[in-house]
Structure formats: structure tokens, C-alpha cells
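Heads up, the next two complexes both have chain A, just with different partners, chain B and then chain C.
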Partner chain A sequence: MTSTQNVRIPSDHTGDGIAAPSRWRAVGRMVATVWGNTKARIGICILGFFVVVAVFAPVLAPYGPKDNGFERNGAASWAHWLGTTAAGEDVLSQLMHGARISLVVGFAAGILSTIVAVLIGLSWGYLRGVASEVVGFVVNLFLVIPGLPLMIVIAAYLQNGGILMIIAVIVVTGWAWGARVLRSQTQSLRGRDFVTSAQFSGDGSARIVFREILPNMTSLITGSLFGAATAAILAEAGLEFLGLGDSSIVSWGTMLYWAQNSNSLLTGQWLLLFAPGLCIALLALSLTLINFGVDGISNPRLREGKGR
Partner chain B sequence: MKYIAQKLGLFVLTLWAAVTLNFFLPRLMPGSPADAAIAKLSQNGPVTEATRAAIEAQLGVPTGSLWDQYLSYLHQVVTLDFGVSYTFYPQTVSSMVSTALPYTIGLVGIVTVLAFVLGTLIGVAAAWKRGTWLDSLPTLTGSFLSTFPYFWTALLLLFFLGYVLHWFPTTGAYAATSTPGFTAEFIGDVLLHAILPALTILITSLGGWIIGMRNAMINTLGDDYVTFAEANGLRGRTVAIRYAARNAILPNLTGFGLALGGVVGGSILVEQVFGYPGIGYLLFNAVIGQDYPLMQALFLMITVSVLIANFLVDILYGVLDPRTRR
Partner chain C sequence: MSMTTPASGTVSAAENDVLLDVRELSVVYASPGMEPVQAVDRVSFTLGRGEFVGLVGESGSGKSTLGFALTRLQKAPAQISNGRILFGGRDIRELDAEELRRQRQGGFAMVLQSGMNALNPVRTIRNHFMDVFRAHGHVGAHERAGRAAELVQKVGLGPEVLDRYPGELSGGMRQRVSIAIALSLEPQLMVFDEPTTALDVLVQHAVMDTIQALQKSENFTAILISHDLGIVLEATERVMVMHEGRIVEDARSVDILERPQDPYTRMLLSHYADPRAETISIPGFVDMGTRKREGKARIDVTTTRPTVSARQARSADSAIVVEGVSKVYPAPRRGEEKVTAVSDVSFRLEPGEALALVGASGSGKSTLAKLITGVEKPTAGSIRFGDLDVTGLRRRALRELHKDVQMVFQDPYSALNPLHTVEYTLTRPVVNYTGLRGADARRRVLELLDTVGLTPVEQFAAKLPHQLSGGQRQRVVIARALASDPQVLIADEPVSMLDVSLRAGVLALLEDLREQWGVSMLYITHDLLSARLVTENILVLNRGRVVERGETAQVLRHPSDEYTVSLLDAVPNPARAKGAR
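Moving on, here comes the complex of A and B:
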């Protein structure tokens, strides 16, 4: 910590002697830390694979996701690697297009609920007195009410809202966990010297919370982002499997919904059941694995290999 | 005693908040049940004012000020009178809920306790043998299995063990041919039907307990009293179970109440796949049939059960850890 007497004001002109540490270098170092973890590297590879497939789905997929002119309930063959559905659509093409929905919903809902968690968690941690108790009560209420039943009930009231509705429902029900984790970290940072010195130099609460405390919780926030995205992907698939989303779109959840409703269990099409669920599990697993590496950003003891 | 009173006060407050949330939820939503029913009808042709009035009367569209509605709702909740189901008409909501409740409490309750005990034991073993295959195998499979969607595990088990191998019945809580009663035959049948749903919940929820217990146990293993016990020459098993695990179980127990909400949610999907006639399956049917009174009562029932379970865990925690009672 610099003493207040001889602080050199960093200027925007380059070549002035002091170069402020580049933001990009810090990001680069974080990425290197995550990549240095074997588990995280596997996770990034799996996630990268799904992203590539999702982005290039129209090019990579052999057929359109809704082309239904093929043989019905077909077994796996050279023309249809994973067989065809009861409506005569190609399973592999549906699977590739389905990756888009899961990734979009997972990250959109994950990012939004993390933003809510950061806003609430940090202000809750910084506040004292009655206000803190009230916020704490609301967070605990949302934490203890079972999420999926609440989602199902809200989704049932908002008839067939489609993807945006699903994202909104997941955000409303999924922010509490992150808020609680971030709150306890804020509380422990609140008493540190750099916060006190910011208070003495007359910074407002909002500036202290979001400019002084927030940057110290980057890894925790990233971790809760991936956690929230995993929960969102599983929740989206669950809601669509129950037929509460828009069942006309092609996603992994709706594929399983149609598979169950067209009695794929009886016709013995196990690939149709197996593939979408495995994709959901693998995508969720990849995010969990990346989190092992994210943990290492703030806690060097959890790092692996040379960077220890 | 003060600890229990404090927890009880918080429990009552949370209960009230959950009940109130359940009241406002449908009222905050755009449209009303009557609108939804009319929208459905209007696809087949224009709806007259008379039809509209009839539907609103049939659905029991609430009248009076919000405060009056709230009071009569509270009265309903306290007397457990939730009106009549739309889809399963003469049956009352309360009677349907009480028929379904034992199945879910039996299934979810037993499996959750089983998963907790089993997961904790495996977690203790994994932490004790840290770095060996006994650690990496359960930790890795555990974290992989916990990313499985509940309904997918259910579908796979149903397909392979039910339809392909014919080891287990594929649907319901008991065979259509057996007559319900307190006979050994009927109870055996119920147990046989419960195996697949139970196995699904066990497989998907076990991983979380293993990892939670392992991490808590690794923390306690670094504590001085464990080193001291080892230095005293106590047997490894004594140190692991009587010294380390006993303290490591506390943080894991706090997770129990919260994880229960997740298991209850997962059991809805599991019950739907197996057609198991519990609360979750009923909720699913209520949603599909837009049976709002049934849905509201079920959501309340699920929330209250989880709240009660959390309260009991809180009390138990106070008993196990005297520090919290201060």
C-alpha cells in the first residue's frame, strides 16, 4: 500500500516511467492458471468442442434439424449415424442444433443470475444492521424454497413462454446461492486495510464495493458464474423435458421430451435417449471441471504442476 | 432453549413468507387461469360473454379486495381446505395430496437418508486414503454422476433394467393386479416398484455427499488434535471415525437441508418418468391440466416439507454442536 504523501498520479501518456499493469496481462495470467490445471484443460476442451459444434451447426449437421422426410424410428445407419426420431428427423442433426439452445440458455441465465448475485451479495455483505438482516432473510427464503418446483409453477403460470421465459425463471430462482457465497467473502474483505483507507479518503459506499472489493473476488465470481450456468443447463433441460418450454424448438431437453412421448423406450431406440442426456451431462461436467482450475486463481494451493 | 426458540421464531417467519409468496405468485403473473382456459376455447371459435362468466364462476375466480382474498387464503391454508381439483373433479385437493404424500415422503426420505449415510462413509474413506485409488475413484465418478440430469438417469435405468432386462416393473407404485393392504405380498410389491426410482435418486445425489464429506474431512485431518491422536498411537480407524469424521460431519450437515430442496426437485422428474404416484407426478399432472388449486396446494406442501426438514436439521445441529447454542 502506498503512503498518501508521495502517490504518483498515473497519467494516460505512455512512456512516463510508470506503466500501469495491463488489464489484459492480468486476464492472460488468469487464463494461464486455469489452463495449467489438467481437469480444467479437459473441461475447456469439452466446452470448446460444444461451442464449435453449436456455432457451425448449420454447416456441420448433415441435415436440417426439422427435416422429417426420412424413415421413422430408424436405427443407426451410415446415412443417419444416430438413427431417426419417431417423426422421421435425423437425431445427429438435432443434437448439433440442440447444443445452441443449451449453451445460450446456460450462459445467458448464468450471467444474468451472477449479476443479480453480485449486486445483492456485495451490498448485503457491506451493509450492517437491520437492512442486512432483511436482505439475509429474503436470500435464505429463496435458498430454502426448492428451485425446480418453483420454476415449474412459474412456468405453468406463464403459458408457453419459450426460451426467454425459461431464462427469466432460472434467473429468478437461481441467484440466491451465489449471493450467499459472495456475501461472506465481502464480509471478510470489509475489515481489511485497503477498504478502511478507501473509506478515510472519502470514497462512497458504491465505489468501495464495486471498485475496491469487487476486483478481489474475480475468481469467486467466475466460479459462481460457471456454477450458475451448470444449474441453468440442467434446469432448462428439466423444464423442457416436462414439456413446459416451447416444445416446437429443437433442444436436448425437447428431444428427450419427444423421445419419451413417442415411446422410444418401447421401440428400443436407446441412442435417441442416450445421446441428448450424455451431451447435457458432458456440458455440465465441462463447466464443473473448469471450476477446478478457477479455484486455483485465488488459492495457489489448489494449483497443479509447475505453477505451484 | 433460547437457541430452539430463536430457530422456531425464524422457522415460523419463513413459513409465513413462503405461504404469502404462494399467495402472490399467481396474482403477479400476467393473465389469469380463466384467461388461459378461454384462450384455449377461443381456438375453436368465438367465446361469448356468458361462456366467460360461466368459466370464471367454475374456476372460482377470486372476488373482493386483495386483503380479503389473503385472509380467506390463510384460512384455507390453516384448515387445509384447498378446494376442489379442476381436472380430477369431485375429488378435493386435500384428499389427493394426502394420497400422494406417503409415496414421496417414503421414497425421497429413505433414499436421502441412505445417500447421506453412504456418501458420508465413502467420503470419510476417500479423505483417509487421500491420493490413492480409493480417493480418486469415488471423487471422479461422484462428480461425473452428479452432473447427470435426474430424468436422464431415470430414463436409462428404466430402459435397460426395465424394458430390456425385465428385472423391475416399469411404471406405478404397485402392480395393477395386487390389492392394497397390509399384507406381506403388497408391501413386497411396493418395495419392488420403488427400487428403480430410489436407485435413480441415489445415483444422482450420492456424488455431492461424497465430495462434501471428503473436503470437510481433509480440513479436519490437518487439525492439531488429529495429529495428537495419531501421536498417541491410536488405531487409524479410531482416529478417522471417532476424531476426524465426527467433526467433519457438521459442515456437511448444514448442506443437508439445502440439498434436500434439490433432491425434492429431482424427484419430480423421477416420478414423472416412472409414473410413480407421488407429489411430483401429481404436480406434473396439475401443471399439464392447468389445475391451479391443486398446483398451488402441492407447491405449498413441497415448500413446507422442505422448511420443516431444514428446521429439524437446525435443531439437530444445535444438539450436536454445543457452540451454536450459545
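Moving on, here comes the complex of A and C:
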């Protein structure tokens, strides 16, 4: 009883604006579950490190990312920990500034493609009949087209549109898989009695989908978000490495692109390829690790506990 | 505890041949970040070789946790925190994984409620047996085929099932197969955890008979875990009653039946009655026929219920008329027959009437409910509600129908969205159907909660479903059905998922609503006892056809159709168990 007494019942509210009082507590519990998972904790630490570096890059970085007044192709030294590029820029500073692009693109594209996936997946799962077939056809179309060639074609067509273009390309090519996963979960939830009861309560389809079904898929959507962000980070690096992005900005992808262009492996500057490559791998790894913890929210059996 | 004294005198005849000796056993559920929950609390008992013991308790009493602990199948976060389990003189807590695996042959086995779903769908039944034989090597390679056939025969199946896949067998057959597989290890101790709960009523009975016969012929020691005291008393010689993690009574079945010591046992027993009897009473209830004859209201002894406020507006004035309705589903697979779920059913549900629709699973009763509520369309025939033709309704009009015809769902655990408060759940139909907004809607919600007896209303309004018990949830479901001020309630097995002790309260609530509000009710069930208590008329369905109809008391006391008789026989009844012994 004590848990409910401190829940204030709003005395004056409109019929539509009622929020479950313990929503924040539920969010807190989710965060605690994720944090309780060792792998996820490591992932959060890595991600946190990158976020801090990205946010404070101008302060932390020893030089500007485009300062090219240094020695060219310099080896690692006390002045330049990771050496300098063929154009005479400091690699460490570039790496720090590049984290900003990767994180922004990763999360922006991840969030956007998840939103698209949620909208399409849920309506697809809830609809029946011809409408469902039509949506299914479109989703399947996007699933069977090979992702990378499509990305390259679109990126080449839009030509040097910068970060926004890259995000758009990733969203267009990346939502279909998430939509498919969310659709199957929606289909299983729509058969539950509480959905039928909502129909009996006179609720419309949109309300049932977004107020009854959607909140029950929070963990799946969160998992899908981290998955999409991982894919977006990798895709962004891939596109820029191929020279399809704006090669004048500094990101991990463009660093790889320039390193490749200047044959840095042949000149013995393996750090130029290795450092951004490792950062991309670590960032993707951190998100994947966090997803282990997110799994535990929806499936308590995956929670790591003692006594097994 | 009083249990030890009578137990030692009467039960332990096989004292010198004790198979299982449980001492002060406690099991806790300790998940990180949560308060540990004591599921089993210092339980002690002994089991002689060849004994068949029942373990009874309502949900949450710790009976399954105890069963799992005895067979060392308990999983984290469950932990044995205290006590010893001596099996044949050896403490099973000390066994390591490999010893435990070997121990499964000739040691202890468990049959689960969901055991029938534990068979691998892509392997034949024969393969399942071969796996077990190979893993333990206790049957020679040449004898295996014969042995498998022998085992399935023991559980009442023919050898041809060995070549079938699990998907080709019915639920009852699969549960028999899983019992046979458990038997193939020649266990000394078998733990049956609700072995028949997931099965159809009629099949339940047959499977229980098989288990009983097996126990006698194979002479293994067995524990039957069940929520149903009736089933356990019919099957076993000794019964342990569990309540809140403790064994409150441990005595011979006959003694439990005739001289129950613990008040909890007495309470459980009081909820059983024979639906064929002339008059029936369970706590808070006398059957409708008797009440009408004697002109008195339902006596109310133990259950405290709210007085339902008489409703202001209207009582039901439209009848539901079902005429020659059939529903045929297309064949599930090519080459198979079409499935006729309902075939040529006609009846009227008069305003204010309570009509029971009974039958085993597959009799088409739930399909009828879907047809009446317009969720599905009949293949033939017509359904009318007042002037409204239900069969031709589109979405918008369906909403009109649901304003007057509401449904109470079977499973209160899945009928409420776990993420919404009671208030939100109830506000939706109020807003949608009555047009009330804001403070008015809220007042109505609180009124509804008061009507179904969830007081203090303000507190219940703020709760989430997981903070409520099964009975409370079912009251919320009923309140939601009432929110639109309907004329007809369709109650699909509203109490079958609830513990016996909670059933009477929910039934009484439905009953009051019908009398005070003048709602007509279609009560769908397989449980004839509850049908007898709350309905005036009855319709017995078998394979989609009406096989018997009439006044409930009349039909149940003098059934004319064989099917009705078999349904009546399937009602667990401790008193009958006494007669049989």
C-alpha cells in the first residue's frame, strides 16, 4: 500500500491527458536493468567516453582539426601522439572532432529510421487485408534491394550534400528490417485480450496502436534503435570512405578516405587507418553491448544474476 | 503447527521405508534489487515408497516452487535457503550437475502443466524416446523399439503414435506422451505439476484416470500438485494443503474430507458442490432455483460485497435473437475438411435473462460469443439485437453495438494492458460511449469502481494491473464492460482463471449486476457448478450443435443427453471421491 499512497491522483484533468503515474519510475527501472548488466555497463562506459570526447572536442583536442601547418606524414611523437596526415594535420585532433560526426550521424539516422520503422511496422502489423499487402510489398522491396549499392547510387545521385544527405540515405535504406521485426511483434500483441477490450471500449485504430500496443514494445524499439544507430555509424563511415560524402569535413570516414588516398599503409603510417578504424569498431561495439542489457528489459531470463 | 501430530499417527505407515524426507525446507526468490520473497517456508514432510500424495494450494501458495525444489529443477532467482531434501537417504542439494543427470534415471522425474508443449515439433515421438534411452543407456539397443511401444501403451496410446509428430497429436495425447517419457526413466518419484490443467475438461478426467492407474500398476511414489482440491481428493490417498508457503494440513484424503482441521482447508472445501444436487450452496450463494422458490435473497455469509447501486436509467429492453447460425472456417490445410465451429444454432436471450452456454473446448461456445459481438461474421443464419442486424455491421456500426453489448474476458491477466492504470483503462469507454469529459468522466470512473466493490476507489484508480490480485483484476474488467451502460454482458469463462476462493465473489458481483441493473447475461462456461449458481436457463453445445436446452436446474438434475452427463461427471467433486472409496 505504501507504494500507492504517495501517488497523487490528479484532481483536474482532461479525458485524454492521463499519464500513468509511475511512468518515470518504469523508465528508472529500465535504466537500472540495463546498468545491472555487466556487458551493457562496459558499453555505456565506452559510449560515455566517446560522447564526452565529442562534446568537449574543441577543448580537449590539442590543435584544430584542419590546422595543416605541421610536418607532413609525421610519425607519432610527443607533439603529435598519433602523427600527422599527408596534408599536415594532427591525427589525434581529427579523431576527436570526427567523433562528433559519427555520433551525430549515428544517432540522428538511427532515431529517424527507427521512427519510420515504428510507424510503418505498427500500422503494417495492425492492418489486415489489402492495405497490409501493399505495405508488405513496399517493405519487402526495400529488403531485397542490396543495401550498399542502393546507398551508393542514391549518394552519388545527390552528390556532396553533406551530413544531411548521408543521414537521408541511411534512413531510406535502413528502416525496412526494423519495420519487419516490429510488425511481427505487433501482430502477436494485437491478438491479446487487452487489444480486443480496447476495441470493445470504442477506441479507434490509431489510438489502439499507439497507446495500447506501442508502449508494450518499448524494449524492442530501444533495441532496434541501438541496432539502427550501429548500422548508421558503420554506413556513414563506409560512404565517406568511398568518397561519397563531403570529403572536406572531418569525420572518421573521411580520415580513412584520405589515409587510403595518401597510401598511408605503404608509407608505414598504419595509425592513420588503424586509429579511426578502431574508434568505429569500439563505438559500434559499445552500442551492441548496451543492447545486451536492453534485451534484459523485455526478457528477465536474460538478466545476469548470481545463483546460476 | 498442528499438522505434524495427526500426520505421524495416521500417515506414516511406511515409516521404515521412507523415500523422501524433507526437513525445514525454505525456498526464496531473490532477484537483484528486489525484496527477497519467501515462497516456501520451513516445510517438513516425509514420503513413503509407493505413496501417492496430493499437494494443494491456490496460486502463489508455493506449491510449484516446492515441486521444482524437490526435483532440483528450481532456477535462479529461486534458491533453497534452508533445510534438507533427503532422497533415498542422500541430500539432493549436494549433487553436482552430472550426478543430477544420472539421477534422472531411476531417481525423480517431473511432468509439467506445459509438458505437452515441451515436445520437439520436428521430431517424431519415437525419436524422443530414443533420445532418452541413448542419454541414459539403461535400455539395450535391441529392446528400445519394443520398450517405447510398451511405454506408450501404458499411458493408453497405440504404438502408431510413435511415428507421429507432436503437432499431429491432440493436447491430451501429447500430455500422455510426456508422462510416458518421464516413465521411461523408471523413476522412483514422479512429481506431477498440474498435469491436466491445460487440457480440456473431458480429457482432464481421462488423463487423471491414467495417472492413477499407472501409479498403482508401476508402484512409483508420486506427488500430484494441483490448485483443485476436488481433483486431488479424487486421485490421492494423502493430501497436503499449502497456504502462503507453509503446509497447513497434512492428512489422509478421507480425513480432510470428513474432518478438515485447518480453517483454510475448510474454506477450500466449502466451495465445492455437486451441480446435480437439489439445492446448492457455496459461501455467499444459494442456487437460483432454490432462491426463486423460497423467495429469499441470496444469503451472504462469508464474502463481503458492495451493495450495487440500482442504476438510474434503463434496464435491458432488447433481446438478442440468434436464428439458424452456422460458422464454417476454411480448411486449415489443403486436403483437410472445413471446420464447422457452430452449426444451426438458434436461441433468444430475453432482456434481463441469464443464459448459460456450456460445452467443452471446441464446442463452439466462444465462436458464438464472437459472432454475437460482431467480431466475426456467421456463414449462415442471422443474429439480431433489437432492431440491429449484427451480421452486417461495419466498423462504425459495430461501435454502436458495443455500446449495448459488452464482453467480460476469460483471462484477467491478459485483458488489462499492463502499462495503463485502472483509471485510464476505465476512462476510455466512459469517454467513448457516454460523452462525459474531465471531472465528470472521472466521477463516473470512481462510481464504476465503487459498483464492482474496489474501495477505496481513489486508491484503486491509481493502481497498475500488476498491483492487483486476479479477482480484483476481473472486477476491473467487469467495471470496464459496465462503463458504456450496456444492456447485455457476454461473460466468457469469467471465473475459470481465478482461484476457487475468489470465484464466488466475482460470480456474486455478476449476479447482483444482473438483478439490480437489469442487464441480460450470456454466461459462457464449461463449469456446470457456476452455471447452476448464476443462470436461469442453459444451452448445452457439443461440436457446434445445441444438444440440450432448458431451465438450468432442470437440465443439470435430469440430463437427457450423454454429453451433458459426461460434462457433469467431469466436475471435480470431493464428495463423490468419498463415495468411490
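As a working rule, the second predicted complex is superposed on the first by the 284 of 308 C-alpha atoms of A that agree within 3 Å, B and C clash if a C-alpha of one lies under 4 Å from a C-alpha of the other, contacts with A are read in each partner's own complex, and residues count from 1 in each chain.
The rule we apply is simple: a contact is a pair of C-beta atoms (placed from the backbone, for glycine too) under 8 Å apart; a residue touches a chain by one contact, two chains touch by 3 or more.
The structure presented is a predicted model; accordingly, all values stated were derived computationally and were not measured.
Enquirer: Touching A:Pro215 in the superposition: chain B (first), chain C (second), both, neither?
Expert: A:Pro215 sits against chain C, while chain B stays out of touch.
Enquirer: Applying the document's definition of touch, where does A:Leu148 land relative to chain B and chain C: first, second, both, or neither?
Expert: So A:Leu148 only meets chain B here.
Enquirer: Between chain B (first) and chain C (second), which does A:Ser77 come into contact with in this model arrangement: first, second, both, or neither?
Expert: neither
Enquirer: Look at A:Gln159 in the shared chain and tell me whether it touches chain B only, chain C only, both, or neither; answer first, second, both or neither.
Expert: first
Enquirer: Considering only touches as defined above, state whether A:Thr38 meets chain B (first), chain C (second), both or neither.
Expert: A:Thr38: touches no partner chain.
Enquirer: Examine A:Ser184 and indicate which partner it touches, taking first as chain B and second as chain C; both and neither are also allowed.
Expert: In the superposition, A:Ser184 contacts neither chain B nor chain C.
Enquirer: With both complexes superposed on chain A, which partner does A:Phe194 reach: first (chain B), second (chain C), both or neither?
Expert: The second partner, chain C, only.
Enquirer: Does chain B (first) or chain C (second) touch A:Leu285, or do both, or does neither?
Expert: first
Enquirer: On the A-aligned overlay, A:Gly202 touches which partner chain: chain B = first, chain C = second, or both, or neither?
Expert: Touch status of A:Gly202: second partner only.
Enquirer: Touching chain B and also chain C: which chain A residues?
Expert: After superposing on chain A, no chain A residue contacts both chain B and chain C.
Enquirer: Note which residues of chain B are touching chain A in the complex, please.
Expert: 13-14, 17-18, 21, 25-26, 29-31, 36, 39, 143-144, 147-152, 155-156, 158-160, 162-164, 170, 257-258, 260-262, 264-266, 268-269, 272-273, 283-284, 287-288, 290, 295-296, 298-299, 302-303, 306-307, 310
Enquirer: Within their complex, state which residues of chain A touch chain C.
Expert: 1, 3-5, 7, 9, 12-16, 18, 20-22, 26, 32, 36, 192-194, 196-203, 211-212, 215-216, 303, 305-308
Enquirer: Using the touch rule from the top, collect the residues of chain C that touch chain A in their complex.
Expert: Touching chain A from chain C are residues 30-33, 75-77, 79, 373, 375, 399, 402-403, 406-407, 409-411, 414-421, 423-424, 427-433, 436-439, 441-442, 458-459, 461-464, 467, 477, 480-481, 483-484.
Enquirer: Considering the complex alone, what residue numbers of chain A touch chain B?
Expert: 137, 140-141, 143-150, 152-159, 230, 234, 237-238, 241-244, 256, 259-260, 265-266, 268, 270, 273-274, 276-278, 280-282, 284-285, 288
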